[in-house]
Every structure is written in C-alpha cells, then in structure tokens.
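Shared chain: subunit A. Partners: subunit B in the first complex, subunit C in the second.
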Partner chain A sequence: MNNQVMFVFLALMILVFSVLTVTSRKILRAAVYLLFVLVSTAGIYFQLEYTFLAAVQLTVYAGGIVVLIIFSILLTSHISEKAAVSEWKQSVLSTLASGAGALLTLLTIYKFTFVPSPEPASTSTVTDVGTALISTEHNGFALPFEVVSILLLAAMIGAIIVARREKDKNMNSENK
Partner chain B sequence: MAFSIYDFTDLAQSIHNGLSSSLTPVWTTVIEWAIIGILYILFVALFGLFLVYAERKVCAAIQQRIGPNRVGPYGFIQTIADFIKLLMKEIINPKGVDHFLYNLAPYIVIATVFIIISMFPFAPGLQSFDFDIGVFFVTAVSSVGVIGILLAGWSSNNKYSLIGGIRSGAQIISYELSVGLSLITMIILSGTMQISGIVNGQADGWFLFKGHIPAFIAFVIFIIAGTAETNRGPFDLPEGESELTGGFHTEYSGIKFAFFFLAEYMNLFIVAAMVTIVFLGGWQPLHFGTGNGFNAAMDLLPPIIWFFLKVCTIILLIMWFKWTFPRLRVDQILTLEWKYLLPINLFNIILMSVVVLMGWHW
Partner chain C sequence: MIQGIPLYYFLVVSTLMFFIGIFGFLTRKNLITMLMSIELILNSVNINFVVFNKYLYPQNLQGHFFSIIVIAVAAAEAAVGIAIIINIYRNFRSIDVENVDQMKN
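On to the complex of A and B.
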C-alpha cells in the first residue's frame, strides 16, 4: 500500500515534469524540470531496492549532467530570454509522433504475457558490482571496464586539445 | 520503556512496538515518519543556531574580542534573537527574477542537507537510513546541492549573484573530486561503504590510526576539500562580501536567506560529521586493541557525547582556518585543487592499496 502510493507519486512526478521539460519556453526551467525527472527515476530505483544504481543515477545524471547543462546555460543565456513559440504544425506533428510512440509501447506491454519467475529477486550489493567489474572470469566485466576507461581517457585528452589555447607569444605575461 | 543513553536501539524498538500495537501499519509508518521529521528539523534548527553562536564566539576569541555577551548568559540567546528578527523580515521578491527558480533554490539547498544528515549515525540505534552504499550516497546527494546555489545565482537577475553562483559551482565541483577520492582511500581500508559497517570496523582503533600514513594524508586532504566545499573561508570567494556583496544569496531576504544561512552551517556540520565517521570512528569511543582497561575507561562516556565531542573539535578546527588564513584568489583555489590535491590524492590511493594489500595496517 505504502509502496504503491510512493510509486504513483514518483510516476506522476516523472510524467508531469517530462512534459514540462519539453514544453517550457525558459531554458533553465526546462533543465530544472529535467532534474526532477532524473531524481524521481532515482526514487524508483530506490523503491526497487537497487540502491547502487539509484546513487549512480543521482551522481551521474543529477549531480553531473544537469550541473553541466545548467553551467552552460548560465554562461550563455540571459534571464529574460525565452524560446520562440513553436509553429502549430510542428506541435501537432510532434504530439502525433510521441502519441504514436507511447501507443506502440503500451500495446507491446499489454500484449506481452509476463510469466512470474519462481526464482527469488536478485539482490546485487555494491560488493557484487565491484567484484564483477574487475573479474576476468565468466560473467566478468574487466575487459569492457578497461575499454570504457580508454574511451574516457581519449575523450578527456580530446577535450583538453580542443579547449587548449594556442601558444601565443603575447600571452606569456599571464603565465609568470 | 527501556532507555539507555549508551544504546538507542531498545528505545526505538519500544516506540515502534508501542505504536504498532495500537495502530494500523499505515498509521504507524506515518507517525514514525512525522516523529523522525520533527526530530531532524529540531536538530537542524538548534544545532544551526548553536554553530552561529559558536562561530561568533570563536571569531571573537581569535581576534581578542569578547563577542556576543548581552542577550542571556554569555550571549547564548543572541542567535535565537537574531533568528526571530530574520524570520520577521519582509520577504522581498526583486523585479525581473525568475520567480519559480528564485523560490525553489533555497529549498534544494536545504533539502539536500536533510537527506545527508539522515544518513549519519549519532549513536548506536540513532540512524535513519543505512544503505550498503552509504558513503557513496552521501557524495551523490551532496553533488545535487550545488544546483540550488547555481539556480540562486542565475535567477536573481543580478551580476554579483551570477558571478558568485558560477564561482561557487566551479569551486564545489572541483573540490568534490578530492572529497570523493579521499573517501575512496578510506573505503579501501574499511572494505565497506555502509556507514554502520565503517563505524563498527573502528571498534578496535580509529581508521586514522589504523591506516597511519595514507589515512593521515587522506584526513588532511578531506578537511581542506571539505572546507572548500562548504564555501567557508579561506575559500569564501563565492560570497566574498568585499567584492560581491554576498554572492549568490545577495537578493534573498527573510526566511529564504535563513535557509541558505542554515544550510551553510549545516554543511559545516556535515563535513565534520563525515570526518568523524570515516576517520575518527563515528560514535566509537577512543579504543586501542580490544578488551583492555583503557577501552573500558573510555566506554564510560556515552557514544552520543563522543560523536558530538569529535564533531565539535573538527568544527572548531575549520572555524580556526577561517579566522586565521586570508582568502585565496580564484586561480589559487583551482591550482590548489587540480595541481596539488588531486595528484597527491591519486598517489595516496595507490599507497593505501599497497598498505592494505601488504597488511601493514592494524
């Protein structure tokens, strides 16, 4: 009963703020609505008792990506700016497209017959996640983990190269 | 009703049993939530007021003044009077602000404070949440708090606020890295992220002593980075009253300003409590080894007093920094983090791994 109340509350939060995110004409408000969507999603993970994923959701999405988005908005836009009202054709077409997508998903879910599994729900603690990440045996994730690390390293080096200021003789006075 | 100052588990259990014997499960849950919520609100308000008073007294002592001494004995009621004055002030909504975000920002800041405090064990049995990701969850939630500061800076429609907000954001995001990495160092030693596990692991000696050299390096880094994360001096550039008239909360007044003010002091408490839990054993009394007379003597003092004794010592240390060191420039703040603390931290993680692998800790 308590769980259902919380689920309905979180689901409503996600739905309402998702719609607000795409319809808001103020860009920073849209970012904040997105934050609410992401935090509510973390709440659903908490309800499923997968706390590790919930905390990752909070750190990576709410604490990382939304902060990055807000930072770039802060540096580029002014408070009085508003996005232009979209044309009615555009809004009608996009409503149709998203409605069709939602309908398709709902149909698929209702058509599918879910078979209740006799196995107990798997509780993966953070220790399991940690061991799986560095294990080289069957079901181990050591290789993907290393590959992702290399990708991240490459992205970081690329970002530094892109953002680096060209060496300029006139700039030397700044770096005494 | 069983009650012991040494262990609150029985008290909590007897309250739960008493409620559930006379009420339906739903109402039991609701009433327990209400009790816990009121306790936390009371704690945050009272401890926040105490910290403001302590800051003024410490500052006065360091500057060879007396400090507040008129209202109540030793000026103890001064901050309560100040707070009542603050609550009665007019709430001003400046022209041209984004009202929704302007009003939302203080609540984001204060809400993250409450979520983090709910993770702390004040004494055995006095903890609301105990996930297996405890420490990670604390850092995850505290990374959301910066959003409130950024929003406050931007939505105030004021240049000073915006500069303060961006400075604060850059500073908090940078130093979060050091905080996280020094916590990781200690997690390598403790072998668990669960807060109760970390505290229980220190029953035969605090991690600061158990992990000796790498733990001490992590301790120093954590205190520096934690001070920077709370936007306190010598890292108080985001507020820098001499250049920014108050930074991101320039335009706020009344209760909303009080929220920022309270959140700032509670963040100080959060940093001190994290230091206490991870390095100084949480509510564990000072123990060396197991089962000797020294430990028995230390056990006489209740755990909740040990916790607040350690927290207040760390808070005093951080206040001491503020009134001793001059404010850093913004480039010095970022240099300190990215060129010194971060490399030292990464090296320290390797050192700690070696120490744990070779069994050099005790």
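On to the complex of A and C.
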C-alpha cells in the first residue's frame, strides 16, 4: 500500500513536470522542471532498490547536466526572454503524432504478457556494482566501462575544442 | 519485484514520458529546450531498462549497467551539445533553429 502511494506520487510528479518542461514558455523554468523530473526518476530507482543507480542519477543528471543546461541558458538567452510559440498547425500535428505514437506503444505493451521472474533478486550494493564493473569474467563489464571512459575523454576534449574561441583564425581574418 | 506494483505501471509512465519528450522536440524552437527534450527521452528509456532488469531478469544486473552507461553517454552528449550551441550563439547571436540555416565557416 505504501509502495503504491509512493509510486503514484512519483509517477504524477514525473508526468506533470515533463509536460511543464516541454510547454513552459520561460526557458529557465523549464530547466528547473526538468530537474524535478530527474529527481523523481531517482526516486523510482530508489523504490526499485537500485540505490547506486539512483545516486548516479542524482549526481550526474540532477547535479551535472541540469547545472550545465542552466549555465548555457544564462549564457545564451536573456532571463526574462520568452520562448517562441510554435505555429498552431505545427503544435496540433506534433500533438497528433506523439499521441498516436503513445497510443500505439501503450496498446502493444497492454497486449504483451510479461512473465515476472520468480527468482530472488541479486543484490546491487555498491560493492557488487564495483566488482562487476571491473571484472573480466562472465558477468563482468570491464570492456563497456573502458569504452565509456574513452568516450567521456573524447567528449571532454571535443567540447573544449568546439567551445574554444579560435583566436589565431580570427586574427588572421582581421589582418586580411 | 515490488509488492503491489505491476510491471505495466512503470512502462506506462516511461512511454508517456518518452512521447512527451518527442512532442517537445517537435514543437520547441530553442536549441537548449530541444536538448532538454532529448534528456527526457533518454531518461524514460533508462526507466525501461531498469524495470525490465528488476522484474524479468532479477538474477542479473545487465539493465542496471546499461542504464549507467546510458547516463554516461547522456552526460557526454550534453557536454558536446552545449559546446556546439554556445559556438552557434557566438556565430549567429541566436540559438533558435530557424535562424541557424547555413553551414558557415
């Protein structure tokens, strides 16, 4: 009973704030609504007893990505600026497209019978997660871990290079 | 699995969240809000991975690790995407998709 009340609360938070995120005219507010959605998702992970994943969600998504987005909003748009409203026709067509997609997916989910496994859940404490991440054995994830590390390094270098002001080139063009 | 909550409830929530993200991506004109819609979509997919892991294959942790990796990829994507958006702002003085219509430089 408690589980259900908590789940309904989190689901309502997620849905309401998702809608507010994509419809709010003020961009900064949309970012804060996105923060609420991400925190409620972390709540769902806590409910599923994946505490490490919930912690990662809170630190990386709610702590990192939202702060990055808010910074870029403050850098690129005026705080009282309102987002442009899309055309009447475009918003109706988008509503129809996403509504039809949601309906189709929900019908497919409803028709499919999932059989929950009766086996007891394996533990997912930080120790288990850490051991599995660097293990090269059967249920180990050493290779994906390394690949993601390289991806993060590449993304960091790429972000620095893309966002850097190209001084030499600008000076050259000014000289010309 | 959790007592009293069927698998379907989670799937309904994540499906609706996914299509709200799609709706935002289609209607928004500002590049940063489009990026936020993509974050919503990625987040809903993460919920699916975790719930399938918990309910259908509780003896493994595959879905758990997959969503950790998706979160890492989302972080990388946000970092690169925002760098590109700031660069676009520098060149065009605007981040509305309608104004960004030429492959300059």
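We adopt the following convention: the second predicted complex is superposed on the first by the 158 of 176 C-alpha atoms of A that agree within 3 Å, B and C clash if a C-alpha of one lies under 4 Å from a C-alpha of the other, contacts with A are read in each partner's own complex, and residues count from 1 in each chain.
Methods note: a residue touches a chain if its C-beta (ideal position, glycine included) is under 8 Å from a C-beta of that chain, and two chains touch if they have at least 3 such contacts.
What you see is a predicted model; the values in this text were computed from it and never measured.
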{"item": "Combined model on subunit A: subunit C and subunit B, fit or clash", "value": "fit"}
{"item": "Touching partner for A:Ala142 - first (subunit B), second (subunit C), both, neither", "value": "neither"}
{"item": "Contacts of A:Gly64 with subunit B and subunit C, given as first, second, both or neither", "value": "both"}
{"item": "Partner chain(s) touched by A:Leu75 [first = subunit B, second = subunit C, both, neither]", "value": "both"}
{"item": "Subunit B versus subunit C as contact partner of A:Leu28, first or second or both or neither", "value": "first"}
{"item": "First (subunit B), second (subunit C), both or neither touched by A:Leu96", "value": "neither"}
{"item": "Touched partner set for A:Leu107, first subunit B, second subunit C, both or neither", "value": "neither"}
{"item": "Which superposed partner A:Gln4 touches (first subunit B, second subunit C, both, neither)", "value": "second"}
{"item": "Contacts of A:Ala55 with subunit B and subunit C, given as first, second, both or neither", "value": "first"}
{"item": "Subunit B versus subunit C as contact partner of A:Val39, first or second or both or neither", "value": "first"}
{"item": "Greater residue coverage of subunit A in the superposed arrangement, subunit B or subunit C", "value": "C"}
{"item": "CA minimum distance (subunit B, subunit C), superposed complexes, angstrom", "value": "14"}
{"item": "Common interface positions of subunit A, toward subunit B and toward subunit C", "value": "1, 56, 64, 71, 73, 75"}
{"item": "Subunit C to subunit A touching residues, read off their complex", "value": "1-5, 7-13, 15-24, 26-30, 32-33, 35-37, 39-40, 43, 46-47, 50-51, 54-61, 64-65, 67-69, 71-80, 82-87, 89-90, 95-96"}
{"item": "List of subunit A residues in touch with subunit C within their complex", "value": "1, 3-4, 7, 11, 14-15, 18-19, 21-23, 27, 30-31, 34, 37-38, 41, 44-45, 47-50, 53, 56-57, 60-61, 64-65, 68-69, 71-73, 75-77, 83-84, 86, 90-91, 93-95, 97-99, 101-102, 105-106, 109-110, 114-117, 119-122, 124, 128-129, 132-133, 139, 141, 144, 148, 151-152, 154-156, 158-160, 162-163, 165"}
{"item": "Interfacial residue positions of subunit B with respect to subunit A in the complex", "value": "26, 29, 96-98, 100-101, 104, 131-133, 136-137, 139-141, 143-144, 146-147, 150-151, 153-155, 157, 162, 165-166, 169, 173, 192-193"}
{"item": "Contact footprint of subunit B on subunit A as seen in their complex", "value": "1-2, 26, 28-29, 32, 35, 39, 51-52, 55-56, 58-59, 62-64, 66-67, 70-71, 73-75, 79-80, 125-127"}
